[in-house]
């Protein structure tokens, strides 16, 4: 995260934040682990689930609650892939880059998506519609190459089928997007789709 | 390392690629030892001698500067083909040094900043204007382009270090610098 | 709960199951769910309700059955008929299956049948996965009905901790996480280590790409893992266990959590286990996406909520682990072996496998092979049998090129070594490792330098950054491999490659860095000519690499050529 | 505390049983290079320069973290150890942009010194030249990531001696960085006491006093043991 970015979001008013109901979820986890410093990762998991990403205010809140240095919390949050410090797009597309998917040419899927939407893995489109990510094996190697669009696992993909699904999801209004994916068949489609 | 046949005059050259010529200044700081050097060696090519073509057969060539453009590449290739021993002379040749600080920028941005949008009277450095040799994407230390036989680090290398290396070479011995002569920078 | 109550519970469940005319077992592990198993199960339940078949037909969502690429899978157990397995089951087919098997004169369909005597099933030996695909992982009773928690009850009642450690040692079980350290020895070390508290950790941070054995075991038979951990806790004197589950495995975590709760409620875990004086609690820790946390010291740092960076050994976790206390860390699959060993005896277990590698091993068979999925085979089986008999060979008429075992820490095994028995020591001799059990088959369209680059990129991204050889070495190796695959490498790069690999193996702090060069070294060893073709002839034999760059010295000519081609393009247009 | 005897380069040596190998080796007057080790703070075992061969162990062990053991036989300067140390320095020099000629610590830098000492006269690996920024937001100090070798001395001294824990490491692998607070400009970090210990212990030019020019930034590592000894002996009354 760049410094310029941070100046746009001025430092938190932590007190004010406490009224946010999502903080209640974080508090619950804090309590469950008796505010032990060892529970940092568990707390970060809950926070990420509740907020979608970890912003500075949230990390300051957690650091205070656990009596940990802020740099420590930030160091842990950035060590693990799961924690995201930036808001995710409306839709997410995760392409598995496990060995089985790789030998079945998952890299080509990523390249196609990258070309079309102009985002590299780990990035979100400027309009906040789509986030692209890679995964280190989703353990569905029998279906390689595998991708996950909005938590829907899709197997035996090709660059063309992947793109047509993505276009469909991104074009659809937010509420129905997931539904349209789940109704899509799992079988690979032949040839390019408009 | 290739060793010289001693007993006859060494065919000696120095070359100047992407660097500030400070290493050559330091070479001149050998002072009276220069006399000793040129009693043992003939200087066949050097920025301090007006010779246009790199000669066919050279025993020892000291190369100052990093490889930054296509002319450097061509000269480096000639030097390697025509010299028995090639020595990386000074930090730019050894590490890329200050010359390579441009590696974090794209060549095009660099040219725009310095020439097209630069303070000169008129735009220069445009493609095909024949003024600048094309810059290669990344500045490279000499040994990443051609095989190099010995290294004299330093910015610039101390005259004593140069002498230590050169006199060893003139005697057909490998270059072994003392610790205090091996510092980068 | 005490031992007789446990046995009664199993008895009741068995009677209940036998009261049905037929049982439809639907695989509900991740790969089958991804290919539509949810719809199959829902449809079946609905259908049976509608047709009022409740009394005759039981639908059970089970764990993994094996041939994942053929999912969704349904196994049917019918009274008076052989068990049959259906592949690629759709909701429509499921209805037909239910009708046909629940009929007064049951009959198997002749469509989508997977023969039970096919080599895929026949060549396997299920010890750890013996329940997988046959029981509902969400019901404790199902596990108990198949003898579950009997081993724990036996150990608590009839064996001393020393005897348990001895039994494990005699069984010859070695760590299934990859390194193959003798499990019994490890247990004994922790047992003897002085400490006021001790801990047991099950390592379920299965990070190898192409491997999902641990996930399947946790999803399909969670109690098996818990029972193994509890026996370990009893043997080493620990009262607290942790299961570290990879963050990518939400289903496994959910089922484990559910299993722990059920076992605690029935007194099989928690305070005074099975009315003995032994107490054992298990907590789940969810990983957050770091491969290095599979390394035991890094995993412990992560359990304690810190950056998952390894620390130098000694001291070993057995002496000083979690919070400085003696800690036993075993792989999930290792714990899966414990109950069968106690149940059937160490000698029974030691009779399976080879001289130095006992028992069975689960592999995740993936890549370009006809049937991919999860298999359990006795140690010592040959790679050829796994790939060509169980896996059904290479599809699309292509040729076998290499089998990659052990993930980013392992290596590629070429065709000439296909007959090597699969055990710890043979694989190590070939420059690979057993690893946690990922087995990825590659056909002749795979380019080996490119495969090496893939693994190096993995290690580069996953390096924790603590020690220099791994942090920078992986980046440098990746750069060189990039040069090789894009055509800008020089012959000297081969030397640098080799030298860096050896240096990293010897100087890196932890197993990740020490083993990161393995895939590269093994491809260098068996496919050197492919590297040479990339460097000397600037061509990729498999046709995968673009080779659109040039070595540094030729950059000048290349720049000129490109400039010329762009100007001539401009002229044309 | 009991005494153990061991061999170092075939010389019989005795040591206290709570000592680490590095201490004993240095007591023998043997020069063994280190970069992440710092007298007065805990050890990391990260730079791998102090690796030694221990007979009977298939692995090379970092002397700074390996406890002495009775009967150990240790070699500190075998041909392969020297070669590996050289390669590690080359890797470090290639990782970021250590242009010695224009560095504030030119001539006082431990990385530069070790390279010269071990005969690293050129680097065979590609210079990675990452684009990293320089944080000059603090009133007195500057943090230049381009010269950082991630030895974590600053992090440990800030945590263990000063107790502020303003500094830590973020990210992982080659993307690791020293951070201040929540990766905010150093000048904005309220937890920093501006004690300057991190600057003094930094082996390279990554941390320096503002206004230092090329070659001007000399560091005083010895002050740390002075502080710690004084603290232990209660030399100061306030």
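Per-chain numbering from 1; labels A, B, C and D assigned in written order.
Throughout what follows, contacts are C-beta pairs under 8 Å (C-beta built on N, C-alpha and C of every residue); 3 or more make two chains touch, one makes a residue touch a chain.
The structure displayed is predicted, hence computed values, not measured ones.
Colleague: What chain pair shows the greatest number of contacts?
Modeller: Chains joined by the most C-beta contact pairs: A-C.
Colleague: Starting from the mean Cα coordinates of subunit A and subunit C, work out the distance between those two points in Å.
Modeller: 25
Colleague: Between subunit C and subunit D, tell me the centre distance in angstrom, where each centre is the average of that chain's C-alpha atoms.
Modeller: Here the centre of subunit D sits 39 Å away from the centre of subunit C.
Colleague: Using Cα averages as centroids, what's the distance between subunit A and subunit B in whole Å?
Modeller: Comparing mean C-alpha positions, subunit B is 51 Å from subunit A.
Colleague: In whole angstrom, what separates the CA-based centres of subunit A and subunit D?
Modeller: Whole-Å distance between the two chain centres: 37.
Colleague: Mind pulling the residue numbers of subunit D that touch at least two other chains?
Modeller: Answer for subunit D, listing residues that touch two or more other chains: 124, 126, 169, 171-172.
Colleague: At least two partner chains per residue is the criterion; list those residues in subunit C.
Modeller: 290, 307, 462, 464
Colleague: Note the residues in subunit B that touch 2 or more other chains, in rising order.
Modeller: 144
Colleague: Throw together a list of every chain pair that touches.
Modeller: Applying the touch criterion to every chain pair yields A-C, A-D, B-C, B-D, C-D.
Colleague: Which residues of subunit B touch subunit D in the complex?
Modeller: Its residues touching subunit D are 88, 91, 94-98, 100-101, 103-104, 138, 141, 143-144, 148, 151-153, 155, 177, 179-180, 182-185.
Colleague: Provide the residue numbers of subunit D that touch subunit C in the complex, in ascending order.
Modeller: 44-48, 51, 59-62, 65-67, 80, 83-84, 87-88, 91-92, 94-95, 124-126, 128, 149-150, 169, 171-176
Colleague: Would you tell me which residues of subunit D are touching subunit B in their complex?
Modeller: It is residues 93, 97-103, 106-107, 112, 115-117, 119-124, 126-127, 129-131 of subunit D that touch subunit B.
Colleague: Which stretch or stretches of subunit D touch subunit A in the complex?
Modeller: 159, 164-172, 179-185, 191
Colleague: Can you tell me which positions in subunit B touch subunit C when the two form their complex?
Modeller: 67, 70, 73-74, 76-77, 127-128, 134, 136-137, 140, 144-147
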